[in-house]
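By written order: A, B, C, D, E and F. Residues from 1 in each chain.
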Amino acid sequence: MKVTVSRKAHFNAAHRLFRKDWSFEKNDEIFGKCNNPNFHGHNYELIVSVEGDIDKETGYVIDMKILKDIIKTEIEDAFDHKNLNIEVPEFKDLNPTAENIAVVIYNKIKPLIDVSLDLVITLYETPRNFVTYSGN
Amino acid sequence: MKVTVSRKAHFNAAHRLFRKDWSFEKNDEIFGKCNNPNFHGHNYELIVSVEGDIDKETGYVIDMKILKDIIKTEIEDAFDHKNLNIEVPEFKDLNPTAENIAVVIYNKIKPLIDVSLDLVITLYETPRNFVTYSGN
Amino acid sequence: MKVTVSRKAHFNAAHRLFRKDWSFEKNDEIFGKCNNPNFHGHNYELIVSVEGDIDKETGYVIDMKILKDIIKTEIEDAFDHKNLNIEVPEFKDLNPTAENIAVVIYNKIKPLIDVSLDLVITLYETPRNFVTYSGN
Amino acid sequence: MKVTVSRKAHFNAAHRLFRKDWSFEKNDEIFGKCNNPNFHGHNYELIVSVEGDIDKETGYVIDMKILKDIIKTEIEDAFDHKNLNIEVPEFKDLNPTAENIAVVIYNKIKPLIDVSLDLVITLYETPRNFVTYSGN
Amino acid sequence: MKVTVSRKAHFNAAHRLFRKDWSFEKNDEIFGKCNNPNFHGHNYELIVSVEGDIDKETGYVIDMKILKDIIKTEIEDAFDHKNLNIEVPEFKDLNPTAENIAVVIYNKIKPLIDVSLDLVITLYETPRNFVTYSGN
Amino acid sequence: MKVTVSRKAHFNAAHRLFRKDWSFEKNDEIFGKCNNPNFHGHNYELIVSVEGDIDKETGYVIDMKILKDIIKTEIEDAFDHKNLNIEVPEFKDLNPTAENIAVVIYNKIKPLIDVSLDLVITLYETPRNFVTYSGN
């Protein structure tokens, strides 16, 4: 019996959408006000979903406390109250769009959970915009 | 890397569930108080989800501003503060159930996005009732 | 010890903002697309708040079941899936703005609760627009 | 045209995570404060989703009133304001984790809907933790 | 310049509404299914609001980190995953209605904040029922 | 009959809590990770509430379209996708705490509405932290 368990978390961060290898004009054309060189920011709301078989012993797919600790260490401590472009190494050469942030979060968490478990990352950049990534 | 990006929007509309080719009694039996001939209404909350590969240049699946504009022109301008049965041509001979409204929204948006992108429409008729349609 | 207890409820209705004694042009100028003669509609979300002393015997300000029943009988049964302009007598000669609906709800519920209790009506016309009325 | 229709419901219940065949120490190690012998509790928020073809006659996948009644009879009446471990027979020998509760809800509702319809159960144990089960 | 700052928190607990000095029949008549002797439970969502002058030095009414710590120590650690009737001393002889829980929370937090600050407690017993207490 | 009408809006911005006239050490001690020199950010959710008498002609306290336009011009256009410390003149010498932002918003909107109307600003810095200012 496969069940998906999901845990919500959140972090607040500044970012700017731009590519170093593009001119300011091109960045401005593509990213508009998201390319503000002084940065803007978001309260990112994160849902980490793990799918797998229910463990018959415990009735758990994964112990939520373990999942919560992984999210705390890997994501909240690394991203919260940070400037994603400047302070998070994964975005040194990667544009921190919501899409790319979701992929980075997936890649940080996936190696830390059992290989039999599927992972889906849902990331709300605002209450009106969100992305989902499942590793495919 | 396939990512789904989602954008929320909303419109307020009046509607009535009924079929012109049925008697009032039959409409009443099937649709109950939703068949009120004087109409009732909803704040429809809409989530438009687009799945596709991340563009390596921009880090976007689709530019949200473009998606937002499509939703504005095709759905909000056409449905908001309207009587769906009387003023929206798609429902002239189609019962405006949440299911049918979701299909109509899908059919209006799909031709306007790149053919490589998948589309999913989620429509909340109330905060407690919602439908999802992905074109299959 | 004065405590305010609040209960949420909801109803879906059609309405139109206009005054019979104004021309269509004047209604249109003042009420814009809310003056659509074919009506539009909303999911109204209602919060009924009652303030009073905690009853030392029960620990209640008011029994929520009683409050829930009053809201059901007076508001939900009377307004839900209705056309406010046509089918709700209070709006026969009263423009059903959110402000006026809140006042009507207040006036219907106030006589049914103990005279020592204060009443506040909060009415969400949409998730983004709401009004509050406390009888003053 | 396959559409998924979803209906929200809720119930409040007490529970305790533990296995009768384990020592208190082992239960404590695995379930931590969820193993409190005096119980704790939750407002469970439930989303029942049914996927199937739109009925061309009615425009419905399933009549929401029928689905609402099934949820009321099978789930709300059986679980609401109950102690899941003591008063709900399905959990007599089954640990009431969110995962297991979702499976039990699935198994109670599935036989009551048309065999052509797919069912997905989403259960929020808290606003921050939820599970999804689709019968596979 | 008086500003109110509010912080949300939450705890999950079991409880039962009843008075030891009443018969089971009387408890049942007044408290209905909330009098279940096996308990039921809730995810309580708490909003602690503190009103006072903005400190001109810091721009704060109160440092949210300090308020967060007070809520953690006084309320979350004391109430979360507990049976309110059995394990929280304040309810040994006090019926744990939402009203009374709000008063208890107020009385625990008030002495720990500066005497110049006003305190308001808002407690959601469910997403549909909530109470507010401001110490008067 | 006094009614309060409220309108929600939102803006995304970067900020940093610090005082130019304090040492980095003192800023760090008081503002902790909010003092990150590289900035962090939020999705600010704003509720603008206006209290006044219902206009007997229109049934409005204030035309929501007018209020929406004031919020758009004065707040969203000025703050959205901006760095509050660097790009918003009001915070040149004022620490952009939630409290101070609410006061600035109040002071920008108050002169633009009728002198008979009361104004309350509620500002969510995150879904868990918010402030309220009513001009006193």
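The rule is short, and it goes like this: a residue touches a chain if its C-beta (ideal position, glycine included) is under 8 Å from a C-beta of that chain, and two chains touch if they have at least 3 such contacts.
Treat the numbers as computed from the prediction; the structure is a model and nothing was measured.
Chemist: Out of A-F and C-E, which chain pair has the most contact pairs?
Modeler: Between the two chain pairs, A-F has more contacting C-beta pairs.
Chemist: Need the most distant chain from chain F, centre defined as the mean of C-alpha atoms.
Modeler: D
Chemist: Centroid from C-alpha atoms only, then distance chain D to chain F, rounded to Å. What do you get?
Modeler: 41
Chemist: Can you check how far apart chain B and chain F are, centre to centre, with Cα atoms defining each centre and the answer in Å?
Modeler: Here chain B and chain F have centroids separated by 34 Å.
Chemist: When the C-alpha atoms of chain A and chain D are each averaged to a single point, how far apart are the two points in Å?
Modeler: Inter-chain centre distance comes to 29 Å.
Chemist: Check each residue of chain D and list the ones that touch at least two other chains.
Modeler: 127
Chemist: Name the shape of the chain contact graph, picking from line, ring, star, complete and other.
Modeler: other
Chemist: Looking at the whole structure, which two-chain pairs count as touching?
Modeler: A-B, A-D, A-F, B-C, B-D, C-E, C-F, D-E, E-F
Chemist: What does chain A use to touch chain D in their complex?
Modeler: Contact set of chain A toward chain D: 1-8, 49, 54, 57-61, 63-65.
Chemist: Which residues, counting only chain E, touch chain D once they are in their complex?
Modeler: Touch residues, chain E against chain D: 10, 12-15, 33-34, 36, 38-43, 45, 80-83, 86-87, 126-127.
Chemist: Considering only the defined contacts, which chain F positions touch chain E in the complex?
Modeler: Chain F reaches chain E through residues 17, 19, 30-32, 94-100, 102-103, 127-134, 136.
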